[in-house]
Amino acid sequence: MTLTLDILLSGLVLGGMYALIAMGLTLQYGIARIMNLSYGEFLVAAAFGALFLFTGMAVNPILGLLLIVPASFAANWLLYRVVLTPLVKRAKNQGMLEVDSILGTFGVLFVIQGIMQVVFGGALQSYSYLSVPVRILGTTLAANRILALVFALVIGGLLYLLLTRTRYGTALRAIAVNPVAAQLSGIDIAAASGLAFAAGGAIVGAGGVLISMFLTFSAASGVIFTMKALIVVIMGGVGNMMGALVAGLLLGIAETAVARLVDPGLTIAVTYALFLGALLWRPTGLFGRPAR
Amino acid sequence: MTTKRTCLTALAVAAVSAAFAFGAPAQAQDTIKIGWAISKTGPFAAGAAVTTLPNYQVWVKDVNDAGGINVGGKKMKVEVIEYDDRSNSEEMIKAVERLATQDKVDFILPPWSTGMNLAAAPIFNKLGYPHLAVTANTNQSPQLSKRWPNMTFWLGLPSQLVDGIVETFSKMQKDGKIGNKIAMIAVADQFGIEQSTAAREGLKKAGFELVYDKSYPFGSQDMQPVLKDAQAANPDVLIAFSYPPDTFAITDTMKVLAFNPKAVYLGVGTAFPGYKGKFQANAEGVMGVGGSDANLPGIKAYIAHHKEIIGREPDRWASPITYASLQVLQQAIERVGKIDRAAVINEINTGSFDTIIGKVKLEGGQNVNVWTVGQWQGNDFFGIAPTAKAGAKAPIDKPKW
Amino acid sequence: MNISRVYAGAGIAAVIAILAAVPLFASGYHLALGISLLYFTVLATAWALFSGPTHYIALATAAFFGIGAYTTAVLPDLLPIPLILLIAAVVGVLIALVVGLSTLRLSGIYFVIFSFGLSELIRQLVTWYEVNIHGSVGRYIFAETTSEGIYWRLLALAVAVLCVGWLIRHSRLGLAVRVIGQDETVARHCGIDTTRAKLALFAISAAFMTVTGAIMAPRWTYIDPAIAFNPMISFEVVIMALFGGAGALFGPLLGAVPLVLLFELLIGTFPNYFSILLGLVFVLIVYALPQGVFGLMAARVPSFGRAASATGMSALAEIIFGRVWPRAARREAAGDAPVLRLTDVRKSFGGLVAVDNLSFELRRGEILGLIGPNGSGKTTALNLISGAILPDSGDIQLDGRPIARLPAHRVAQRGVARTFQLVRVLGASTCLENVIAGLAFHSQALWGEAADTRARELLTRVGLGDKADMPASQFTYIDQKRLELARALALDPDVLLLDEWLAGLNPSELQVGIALVKMLRDEGLTIIIVEHMMDAIRSLCDRCVVMNTGAKIAEGPPAAVLADKEVIRAYLGDADD
């Protein structure tokens, strides 16, 4: 019983991190319809930002969020307006946009990675913040990881409410479902998509800052996070905020359970097995709309 | 449209000419050309940026500041040509070929990691360049040096590193400092598996009981599950053959869990300056692979010098050895007195050299006189095993986190 | 014609000979560069074999490449190399078949990420196996190989993959995936077993990737999962193929060669800024070359563009790749019984009952009008008959044999052809290829000269004889309708289903259309038309079945049913209230 509870809590905390990483991408891909391969680079850039503020200027990362989140929002908005808008305008259909955005953001990935390499060097980076034990129901957890979970839940909940309960959210969802029809009904697609993309950027910025408190990272780590985020997003169902949250938590619990009960060597394998299994069971993700 | 085409044509022409038309102009040599292909991008970049690349840079600067390498009475400065292998074996092989046949460099410094060095071995051998495979660590190395006599190994055999661990803990047990229960975790990669396989055998033979023994996948982002089970087994010693990100995560998690075995040995990364930087007083007493005799004047100067040039201290395992291997190369060239690679290889294999890590004399291509276990004591990571090695410190008790 | 073929053949042979001679005079570096060029060319071309026509973006290249590398590492060094490569190919094909069966029902981004997840899963499982069973993660390969040997093997493989690509393009398999890539529904109703076609191509593509890995492995002396399953390979290959143009045989080659050279240029000139420059170049490429290098060339050199959509057929290709298709059963000679019989067929979507216990018979040689107000279930009924969807209950028999549970391509092969309510032609293909798509997959499939001749006959018959070589996308609406009919007729059907085929025609076109349908009936074809135009129904139909809200409400000659009170009420609504 204690073991079950332990696994559940530790798994939730790990899953909270996955969900946090994934939620920005689900906005960017689900609503702005951009398959952003440079997503993880923004996360690592935010982590470097937090590191620099903390070690260089003694600004604690929580305060750092106030600076880094708006910066990441702005950077992503610019990326969308400058680099991606021409591609969106040019694309005749979703397939073309997908190919173009994969190629384009793959380029952006290298640019950002290269800049970080030049500025910060290639070495691994890490610092300690809020690495203190918190006891919940007899289970010891790290405060910084719990913070990531809390953020994931808050952001997920807020976005869910925003998307389902407000007029603007309805407009955004309309874009996700059918951009052409949404345009006909008077929604300014370009502005709304840009905003959704930038909002995704803000979330990934927050994710980067929070994760930098407990994970070691280097300029080359971005791809790992992009892939993890993609897996969570796809497993949850593209554009579905709750889906990303649930899928992330599920993966966290599954990984922890396998590590404790079966073999820690299989934790990453089980992530992929679960992901592949979920897609075979529901080809458009756990919470995705059924394909027509 | 036309400009676009022109641009593309220009690009193509430039690419082709760069690839094919790089003829090395023949001229009287007054510099010594040294090249390397190393991971500046991709997953290996982090490792290379800690252990290898900074030492190449420090060494080149040191040599050139001193006026160059003395080749037959003539001081020749070092000219560097470097490529990025993008953490890809094939790119690395191509770059080494390029250094040798296009740039016609005089010597080639090795890439980073065991896999890369093994992939480089046949090509270094075919081209006849000395291969200082510092970051290659495998039990196969004596056979490999026989197969490719130009290839030398510097970190000691994995089994030797494990012997150091067994020696250290046996001694501590004899002294009554620890019991016989050991928990062991290892990253599921060549390093972790070779080490843990050897350690399993060695520790059992020495009478230890392995109360927890698991591997975890490369790239794990949460060490808590593994450590909780290890903690539940209530060991006297925790041994982790881990990679740097995991080493940091393990330390962090152990602190959070208040997991306090009497001794802690963590794999690669403990000897990094960043480890001490991050954990400060908590680093005290943590053991790990490598170590150095920080009281040697050469090491002291090297550390200060490295910090001055690179902006941070070197790691205390492979970094000093990498620098020492370059000193060996330099001294071998100077003794031979000309750019004769075969003679230099022979000299590296047979000569005896004074370096920052003390006297180096290879045996069968192996540098066996290395620190196998180090421990943070105060501000430095001192070698504690093999105990017979000059300058070995006695292990201290690890304070609780 | 023959002379130019001889020249082309001689030219190709000369190019191969020159490339084969490269190791004799190249320096070690140029040889290594050649190896890079070749192995990316093979991988990108192999990738595009499957992903080009189907538009499935697969990120599984690293998985197959890694499996190939591991095959070499696991097998003893003493085995002859051809045997090792053969084993690798077989392993690749087997894994591709298993993977393909489970994944090809995913589409779009789901497939993309699934294929990536799969590579990672395979890598993790290999690692776990090596750790726990083999007891060591790395494997040494001490096979005696030289760079020259690897170069020649890769060159042979590159020639092979291009030959195979050429042959596939000129075989029915190539036609099948071109049709699938444009419109999978049309493909199925042309009698194409789409799963089989995609699976076959996926496996062929995987075999080449696996063999590439097996060839390359000895070059690295040492293999571990991180080296063998390097995910960057998957991405680089996609970028190269898309950059070159994945739709054309030589597209990936045109992408791989300049990009490899570009990487080399950047890495040599700016080793510290390689990433930034590479990224900028990628972004520029996306802007400057939306259609890829091949698209750029096709836009400038007309002969390039033609090659991309030509239908050329080859008997040799068909001998090799025809084995993909099972032999279709010959159709039974017909008796006097009804051609088609529906018994209590029912289909509901969620809560909506679209077809409600529908029963009717279709007599040989008649035109049956299936009519009713909008939303009455007519098109759903056609979809059920043609196998596009499966009924919830009830029975459909063709010539006395049940077809209700058969997939669309089997129904089409048995002689049920259809057109679509919203006209569907293959816009990127020529008019001729559209028709050949109908000819090539039914039970008495035609190919080569025979198919060409028959397709031109059919086109002449529907009045498109002079437009055979035009791309279908340039057609007017009426011509697209004609073309769709020709494609349906190409199936040599017993039953033809026309879904509002006459809709949208102007009065004079309508007369032509009606005459055409009558002529088909007079030649012995049995036809169901779904139609709204009463004039057409009166002049064409022998009988009518009237549907409303999914159920049959009347049946009989047009004059009688159109006078029926219930039918009038269904069309006009309740006039009583």
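Just so it is clear, A, B and C label the chains in written order, and each chain counts residues from 1 on its own.
The rule is short, and it goes like this: contacts are C-beta pairs under 8 Å (C-beta built on N, C-alpha and C of every residue); 3 or more make two chains touch, one makes a residue touch a chain.
The model shown is predicted, which means the values in this text are computed figures rather than measured ones.
Chemist: What kind of graph do the touching chains make: line, ring, star, complete, other?
Modeler: Shape of the chain contacts: complete, all pairs touching.
Chemist: Based on Cα centres, what is the most central chain?
Modeler: Central chain: A.
Chemist: Between chain A and chain B, tell me the centre distance in angstrom, where each centre is the average of that chain's C-alpha atoms.
Modeler: 35
Chemist: Approximately how many whole Å separate the CA-defined centres of chain B and chain C?
Modeler: That gives a centre separation of 52 Å.
Chemist: Which chain B residues reach two or more other chains?
Modeler: Within chain B, residues 40-43, 87, 188, 215, 217 contact more than one other chain.
Chemist: Residues of chain A that touch two or more other chains: which are they?
Modeler: In chain A, residues 113-114, 117, 263, 265-266, 268-269 touch at least two other chains, as defined above.
Chemist: Among the residues of chain C, which are close enough to touch at least two other chains?
Modeler: 124, 127-128, 131-132, 272, 274-275
Chemist: Could you list, by residue number, the parts of chain A that touch chain C in their complex?
Modeler: Counting only chain A, the residues touching chain C are 29, 35, 83, 86-87, 90, 94-95, 98-100, 102-104, 106-115, 117-118, 223, 227, 230-231, 234, 238, 263, 265-266, 268-269, 272-273, 275-276, 279-280, 283-285, 291.
Chemist: Which bits of chain A are touching chain B when the two form their complex?
Modeler: The contact residues of chain A facing chain B are 6-7, 10, 14, 17, 113-114, 117, 121-128, 131-133, 140-142, 214-220, 224, 255-256, 259-260, 263-269.
Chemist: Help me check something: in the complex, which residues belonging to chain C touch chain B?
Modeler: 27-33, 35-36, 39, 124, 127-128, 130-132, 135-138, 140, 142, 216, 219-222, 224, 226-227, 230, 232, 258, 261-262, 264-265, 267-269, 271-272, 274-275, 288-289
Chemist: Which stretch or stretches of chain C touch chain A in the complex?
Modeler: Interface residues on the chain C side: 55, 57, 102, 105-110, 113-114, 116-118, 120-121, 124-125, 127-128, 131-132, 231, 235, 238-239, 242-243, 272-287, 290.
Chemist: Would you tell me which residues of chain B are touching chain C in their complex?
Modeler: 4, 7-8, 11-12, 14-16, 18-20, 22, 40-43, 82-84, 86-91, 93-95, 97-98, 100-102, 114-115, 118-119, 121-123, 126-127, 138, 140, 147, 188-190, 193-194, 197, 215, 217-218
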